[in-house]
Amino acid sequence: MKSTIHDTRIGKLLGLATFLGAFAFATPSFAQEEGGEKKDEAAKNEEKPDEDKWFAVINADVFPGTGGHFRDATILAKNGKITEIGVAVDVPDDATVLDAGGLRVYPGLVAYASAGLFGNASSDFADTVNTFSPNLVMALGNGITTAGQSGAALKLKRGEVDGVLLKEKASTLLSYSSQNPQGKRSLIDKFEATAAYLRDYRAWEEEKKTNKDAKEPPKKDSDATILQVLKGEVRARFQADDRDELLGIARLAQKYGFRPVIEGCREGWTVAEELGRAGAYAVITPRDRVDKSEELVAAGGTSIENAAILRRAGVQIAIVPAAKGVDLGGIAGRDILALAIEAGFGVRGGLTNEAALEAITIVPARLLGVEHRVGTLEVGKDCDLLVCDGDLMHYETFVQQAVVEGKVVYEKNKELFYAHIRPNETSALAPPTRVDKGQEGAAKPADEAKDKDEKKPDEKQDGKDGEKKD
Amino acid sequence: MKLRNLLSSCAALALASLASAGDLVAIKAGHVETVSHGCIQHAVILVEDGKIVTVGKDLPIQRGIPVIDAPDLWVVPGFVDAYSRVGLEARGSSEFNPHVKVDAEIFARNDEFRDALEAGVTTLGLYPAGSGGMPGQACVVRPAGATAQEMLVKSGSYLLFVFRSDARSKKMLKDAFEKANEYVEKEKKAREKWEKDQGKKKDDKKEEKKDEKKEEKKEGTAAELQDESAAQEKKDEKAEKTDAAKGYVPPEADEKVKPFLDLRAKKLRMLVTLFTAADWLHFSQALGKEDIGYDLRIALTRDIDVWEVAKPIGEKKLRVLMEPEITTVWGTLRQRNLPAEFVAAGAKLVLLPRGDAPSIFKNWPRHVGEIIAAGLDRDVALRAMTLEPAEMLGVADRVGSVDAGKDANLLFFTGDPFQATSKLAAVMLEGRIVHGEVQQ
Amino acid sequence: MRRSVQTRGFALAVAAGLALASCRATNEPSVRTVVHDDGTRELVIRPLATGETGLVVRAGKIVTCDAADTLLAPGVLVVRNGKIEALGETCDVPDGFTVLEFPDATLAPGLVDLHTHIHSGSFGDINDMVLPVNPEFRTSPTIVPGNRLIRRGLSGGVTTLFGIPGSGTSMSGFGVLYKSKLDSTYEEAVMADPGGLKVAQDSNPQREAGDFGVGRGALSWILQNVNDRAKAAVRDGQVEPGLANLAKVHTKELPILIHTAGSDGITNTARMWRVTNDTRSTLSHGCFDAWKTSKAVIDIGMTVNNGPRTIEWVSSREGRVIGISAEYLKNGAKNLSMNTDSPVVAQEELALQSAMSSRYGADDYTMLRALTIHPAIAFGIDDRVGSLEPGKDADLVVWSGWPLDPRSRVELAVIDGGIEYDRTRDGQIF
């Protein structure tokens, strides 16, 4: 096992390597709704012209999260975006190169919901995130590179503030609870009124083309938020577990034509077909454990097979652990750091490995509205990836390096948290290796000495300034 | 006062001839740490009218001049505490009040000033209280005097900004400069209008005025010197404005806007309090490309993570204010000497007492001694308690080092001030022993 | 396969017949091994006599957890009358035996959890908070065999539990060793009542009401005092019914499980229960910074039962995330077992406790032993449970993969030869 970072110049990599799986990477098929991003990039380029930053991972077993698998592949990124994935990739001379040495590379994980990864930040994320937070580093160490918090999508850009907030809000929380029949009724009414308005509005738009005097329909009781939902601009999010609620939501969704996101969804397995037909998404904790109400005749309660059953019925599954935050109290395997472990429990319940990986990458990315940026390794997307020493969902696997937007932001060997656990040969805790006395090694101490010399005169100058004033 | 200039130019000779001029005192000390130009053994310091007239090695002293004979003592400049709430009212706001000056809060006869003075703190930067936002502008005082007026050395020393990583702090900063921009626009229009009305060329005038200014410079009193140093930093643009003043009256800036114009004109500094490394990121982002002079107070807490940003702060050669504390890396018992780390990274260091209590003032050198023992350069540490805060406060022309022309604020220690066994034997404030005793 | 950890540490069994054939009281060998011409070794089993029951399980892999770390791949296990009769590579099955085939699965011993509180089916375990010591108490009246929490544990592979009182008092009473049988009487489910003593040291039993026993000094005095009283009663020939079971602890007839944590706590515990009172004691929890002094405890012969905490970061202030099990193993623990402290950690997640220990640095195979043979030895029930060896109770669990992997599910759980949980029959519970 070997994985080191060099800034040395690596020339053209010849595609001698073997290659497995589908080579379906020619063109990215996702929607490009990133006008804002492009502008940002343009701004960056203005600041630093001609300074494209290249980054490459080489010799990697790449599991891009789109099905398939590349062996001994290279992922190349320019300014944080993936430009190429494959076995015959030209790596520019000035690229920062990460040699994965045959380790596995996965897309960075997306935690659908998290808490406390960015310090105390809980709103106004652009202005409050603490990207030096130990929790953030530990989350990176457990593979999370994008996290949902309070409905926003945040990138774990360590030590940076710009670009941390990926998306402010992709969904709106609607209440549909069997505890609140009046609320349910009112929600249904709102949908009815808004759908009617939307129909009239669209008819008016058509009519306008021929009839200039057509009158715009009145908004009446239509609801602005629900209008966004019906237009597909915002996802409708529910927190529901009971069979009765889930059925109600499924019917509402089918009737008015939107795809609901259902968090919890504990009894989803009992109404999987209905949820599948409604195009629902479910956010599930496979280990959730609630007994069925003995009052009910129908099947109920939680099931470890929930994710698998729903998935088979066509429901897209995102998986989250029971605790959104980092728990260092000692009981391991249940907090946000156990995202991949929790996905493993999905597999235990019958989910395929691929579906389980999707449940912690691309599906939550979709639900957070950032699937065009993260969630899979594809050309055009952000270069957010993990170098792992094994199967991502195996309980002994550790992230060796985490890369966010083409920058290595976490290295197991260099952080206190996990470096001592099965240290690999390049670890700081491993026995010292031979010192390279080549040119590069020799150049460094001299540079340092120079720096020191430069500092001293500056301090003296300050002293002189003081004298001058006298 | 004119004598002083003479004296400093031809030290020993002048000294002898002026023996009978009165109000003179000579200090013979085994060890004088000037801070500005190293340490002098067997030094003589001549003080007149509370000012240091000269300082040098083994200077002859004219008979008749009273002599303070301290062959075994170490003399260092009076300490400067740049960040204190001594003798002030306890309450403060955390709103946006950049125009408020702390001067009016001073309780002149408060015992706390005496406590500070007796512990060797001869200059205090007093800051307006506030747990957030911009509570106002600090002032500099000497801890002696019957009235606040007598104590005041400088008003409007720095604008305090207690920064936190939140939308409010960032918006406050951006809005403030936005308002300043609005004023600049307004002023520009007013001037254009005035110029149009005048229809005159003003280039000749400008030349004249500059000559006048040079003359003023030649005869500078101590107070004027201070203005002068500020004036050096003034931009030509500003000078132009004054020139035009005769005919053209610029519109009055809002009092909450003016501090930000002053910041841009480098007439005022900002002191930004940071609590975490992330605060630095957010502050830098909010400040953007705004060119102002500012210093950072870093509130050290046990597990503070500011070492994460020592490099960018050091590279900018910023001045950091810290307490002499050893901190730890979060989650560990690994100790860090942040003052030393920031100095190594290139930052300028101001050390603060750990608090305002009399016992803390008394132990200040010992606390600093602890971080010297942990690796901070000793001379940097002494400078961080004297000249560096004086420069930060804009009073380095008067205090902070043992140099001719400066106030004779001197501390007499029985040994190295950072040794726990050393005692502060006496404190001299402006030429008078105000605490302790020395052999006359 | 991702890596070879699954087979690491095993001695592959190749010896003919594996010397596993056991003799019944009839002196007639029940099992013998035939070596065929092609080299395959076949177990030949005596047919079932009248009234006997028999079960044969074939699995892709059998992890026995015996002393030789025998691994059979593939393997066959024969059960007669609720006891394991033989293990081998193949066998010809006589009539009457039930045969179960799991060609792709792993057969392992039923898991043992020494620190559980789920026996009543809810949080209703005893914890009398009036007196600081209750050596007269037992959990037996609170046990509800086959309750839903036990069933969940079973679906996670847990077949033997030590159901104990809470840790609210210094000596909270005696626990019961029982099996996860779902449709049995109390008597059929129980292995031993009392199965052992529960003692709590360090913070939990502190008398917050402010009477005697707020601090550690007085707590220690209270515990030693009751020990001394029990010893004095035996010495003086007095009959003290309330102290009778405690006397059995002093004669090492009964083991003790001691709730204790923190570096000071565990050394205090070791001193009292191994030095002052020479007992068969097991340290339970042993978390926070206790790993720092674990060597002192292990060196004087204390067994360790770690859980529910498997990692430590806060109190040690080392910066690194410490795998508690890994540290105990590093410091020489020969007998480390894991617990859930259920319902603190769900009973069915016992295997995850070991998986997390492996993740944070412990040897993976040792962590399976920590769920099987180690706790059995610590509590003196290794003659019945903890490994797959002839003569032991037929407590078997068939896993779809490696037992510690959260992705592996329990296909079948057998206790005393009876199928208690069958995923295809009962539906997957966990």
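Note that the chains take the letters A, B and C in the order they are written out, and that residue 1 is the start of every chain.
Assume a residue touches a chain if its C-beta (ideal position, glycine included) is under 8 Å from a C-beta of that chain, and two chains touch if they have at least 3 such contacts.
This is a predicted model, so every value here is computed, not measured.
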{"item": "Chain whose average C-alpha position is farthest from chain B's own", "value": "C"}
{"item": "Comparison of A-B and A-C (more C-beta pairs in contact)", "value": "A-C"}
{"item": "Separation of mean Cα positions, chain C and chain B [Å, integer]", "value": "70"}
{"item": "Separation of chain A from chain C, taking each centre as the mean of its C-alpha atoms, in whole Å", "value": "40"}
{"item": "CA centroid of chain A to CA centroid of chain B, Å", "value": "49"}
{"item": "Multi-partner residues of chain A (each touching 2 or more other chains)", "value": "416"}
{"item": "Contacts with two or more other chains, residues of chain C listed in rising order", "value": "313-314, 318-319"}
{"item": "For chain B, residues that touch 2 or more chains besides their own", "value": "331-332"}
{"item": "List of chain A residues in touch with chain C within their complex", "value": "138, 287, 289, 291, 303-305, 328-333, 341, 344-345, 347-350, 390-391, 393-396, 398, 416-422"}
{"item": "In the complex with chain B, residue positions of chain A that touch it", "value": "119, 121, 124, 126-134, 159-162, 416, 455, 458, 462-463, 465-467, 469-470"}
{"item": "Residues on chain C engaged by chain A in the complex (per definition of touch)", "value": "2-3, 5, 148, 152, 287-288, 308-314, 318-321, 323-324, 326, 344-346, 349, 352, 355-356, 358-361, 364, 404-409, 428-430"}
{"item": "Footprint of chain A on chain B - complex, ascending", "value": "36-37, 165-167, 169-171, 225, 229, 276-278, 281-282, 285, 305, 308, 317, 330-332, 346, 348, 387, 391, 396-397, 400-401, 403-406"}
{"item": "Chain C partner contacts - residues on chain B that touch it in the complex", "value": "328-329, 331-334"}
